[in-house]
Amino acid sequence: MKHIISPLDLSIQEMGEVLDLAMDIIKNPKKYCEVCHSKKLATLFYEPSTRTRLSFEAAMLNLGGSILGFSSADSSSAAKGESVADTIRVISSYADICAMRHPKEGAPLVAANFSSIPVINAGDGGHNHPTQTLTDLLTILNLKGRLNNLTIGLCGDLKFGRTVHSLINAMVRYDNIKFVMISPDELKIPTYLREEVLDANQIPYKEVKVLEEVMPELDLLYMTRVQKERFFNEEDYIRLKDSFILDAKKMKNAKEDMLILHPLPRVNEIATEVDNDPRAVYFKQAEFGVYARMALIMKLLEVEVC
Amino acid sequence: MKHIISPLDLSIQEMGEVLDLAMDIIKNPKKYCEVCHSKKLATLFYEPSTRTRLSFEAAMLNLGGSILGFSSADSSSAAKGESVADTIRVISSYADICAMRHPKEGAPLVAANFSSIPVINAGDGGHNHPTQTLTDLLTILNLKGRLNNLTIGLCGDLKFGRTVHSLINAMVRYDNIKFVMISPDELKIPTYLREEVLDANQIPYKEVKVLEEVMPELDLLYMTRVQKERFFNEEDYIRLKDSFILDAKKMKNAKEDMLILHPLPRVNEIATEVDNDPRAVYFKQAEFGVYARMALIMKLLEVEVC
Amino acid sequence: MKHIISPLDLSIQEMGEVLDLAMDIIKNPKKYCEVCHSKKLATLFYEPSTRTRLSFEAAMLNLGGSILGFSSADSSSAAKGESVADTIRVISSYADICAMRHPKEGAPLVAANFSSIPVINAGDGGHNHPTQTLTDLLTILNLKGRLNNLTIGLCGDLKFGRTVHSLINAMVRYDNIKFVMISPDELKIPTYLREEVLDANQIPYKEVKVLEEVMPELDLLYMTRVQKERFFNEEDYIRLKDSFILDAKKMKNAKEDMLILHPLPRVNEIATEVDNDPRAVYFKQAEFGVYARMALIMKLLEVEVC
């Protein structure tokens, strides 16, 4: 039995298999519409996240399975002081697979240690969010046709944004990847990523403060939300949140086939005027998120098309 | 693709088709139990409403479809500052149709403008609630056998009660409809309804303050709850909420086949002693609400019995 | 039509039938995977309880049925002042069976009086919780092979713990049952249970304050959580909550085939070091809870394997 706690829990080969399966699901969704018949997914969301939760639920329903769970800690046994270890042992009797979001880093890993069903980390604090990474990779693969030979711009909150960290970790495994980090000094990527991931793997990257100047180089621009809940005080948040807003004017210098990705929800870091640009693929990315999760659920449950 | 934001989004002919379909569903529910197999309904409730949400969910399950969604804004991405326009574009990838309740008037209309799946307004502030109106019409049609030649009493909060406004708008399209408005001065119907709907269509109506005196004239009595959340201060609410309570004594003067309708929840505006009167059809009306929504979902998804 | 409000609503014969059915479901779960196709369970939880709610939902999904409902009073019509009697009459149109948890004792009984679908009490205040009792009996029957000739230790909060009260009421109907009550003076079983149930049925029992001294006698040890919400003040709770903690050292004196049961959630009344003891069957008990509820739902809906 396999759990997915970090994006790197899938080897590059397994990741390839999941992505290939997702690509086939996109082409022939009907082929897969009953493969999880009589299987149940539990969505254990100790922290609200509509998008991620509904994406998992849509994925399981698309596979013919069913869903149960909770959408906030208030309505869970956590309020009565139960440990994650105990909860998952009980949930193991109720469902065949589970997706867990938790405000505490490491909670899904603890769950995995006590679970008798596959656990998928659906986001733990500022830590990991592997199905977002899987979604990002599927989007890139589907719309660029490759996962190597890419110059990837990462813009916004690179310090706290877990999706960015996970994406870096996942992309350094492919050939000829370059990163361009675009952020204010206060929101640069953490030192461990710089040293242990980028430098250790000899990945070329540069860090800039102005989006315009690097725009023409990028094959992808990954925008991120400046999340209020990650800040220590309101003042810093207000000062920094509007930096690095993408608008139609800035898009003029971008390559014709550059893709704009965003994990969503977007607040104002991408002006709505950009939405109709064919290069803006963030809503398509949300759609790919369902297919990525369908493939991952199938892989972990080891179900196949008959 | 069609959305239902206002009760008038269905022409009188389309309304007739939906009502006919609902009548057939009532007669042969089993015929329809798989027509939405592998279709998904998203219930997006930014404001809690158990009855309406569960009625939609029961409708979709009765059609063999499945459901996902959220039941309050706290557990949605709205808390992270996402716009309704962005949310619906993402939900469009997760579901085949959605029902949205929102405290802000107009939010479902905004959603419809950005959605690639049919949007049903499940109530927006004091504004519209088209499936309640559809339910009311189905109840009348089923139990009176007609939608014309009716004298309709409307009692209680006629100022803020959106179900009453929608019912007036819907019924003026049928022949020989008369209204009797029964309310305190403070809770009379708004001027725009009087001028633009009733007077403009030359619909006969009168306004009274005493329920007893008009009782014998009525073919239908539509009772409404005096909703606390619509008042500006507690004092007004307490002074007015008990006006116009229907009890067994008042029912003595009513026609033998008069119907009592109520959109529910009822607080105390209908004494429980009335519940066993065969003319009290408000719980039956709740049941018809499921059939009305089944028919509407089928119509919007353009599914048919094979 | 039958409702289950108290564990004693099932005669000893009916209880036997439900348990036999549950035993067969455990052996052949696939045989039952479609028996409730197109049936709907409504989970009406006016008080949060993840475990109980998800157990009911898993049960209904395992039977091929579907689920709808709410998980807290905030998102229900109760917030608008609707009575339980009105709510259940409406829910009767939405579902085929319902499970209700309510903070007020007696609320599910009121619901049953107005319902046209079977109502299962899923816990009402400190009162009844019949499906927990059914789960406990199934666990004992399955793992001990009998429901008679047992010495049952009950430990912890015996005053407020409804699961203990229900278990006593249920077990006194079988032959040769002895109870050993282990609790501080403040948390002894209520007088009515002592007089009207134990003494009235001439059931042998003793009351002690030290777990160790009675350990070797027990066939079963039923541990309970000291629930904070049942206490009148914080001080009493803190003073008493750690009494009577079960650990590996205390287990040394227990019979080799003694079973440890616990309704869960467990806080710290059982040290986690006990979890790997084969006699610790509380997580297995949670699993049996699903089978017990499957059998009960089938019984109340009168569905059978074709």
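A, B and C label the chains in the order they appear, each numbered from 1.
The rule we apply is simple: a residue touches a chain if its C-beta (ideal position, glycine included) is under 8 Å from a C-beta of that chain, and two chains touch if they have at least 3 such contacts.
Remember, it's a predicted structure, so these values are computed and weren't measured experimentally.
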item	value
Reaching chain C from chain A through chains that touch each other, fewest steps	1
Rotation angle superposing chain B onto its copy chain C by C-alpha atoms, nearest 5 degrees	120
Separation of chain A from chain B, taking each centre as the mean of its C-alpha atoms, in whole Å	40
Sites on chain A at which at least two other chains make contact	66
For the chain A and chain C complex, residues of the former touching the latter	38, 40, 42, 66, 68-70, 74-77, 79-82, 85-87, 89-91, 93-95
Chain C residues within the chain A interface of the complex	33, 45, 48-51, 54-55, 57-58, 61-62, 64, 66-67, 71-72, 225, 227-228, 264-267, 272, 283, 286-287, 289-290
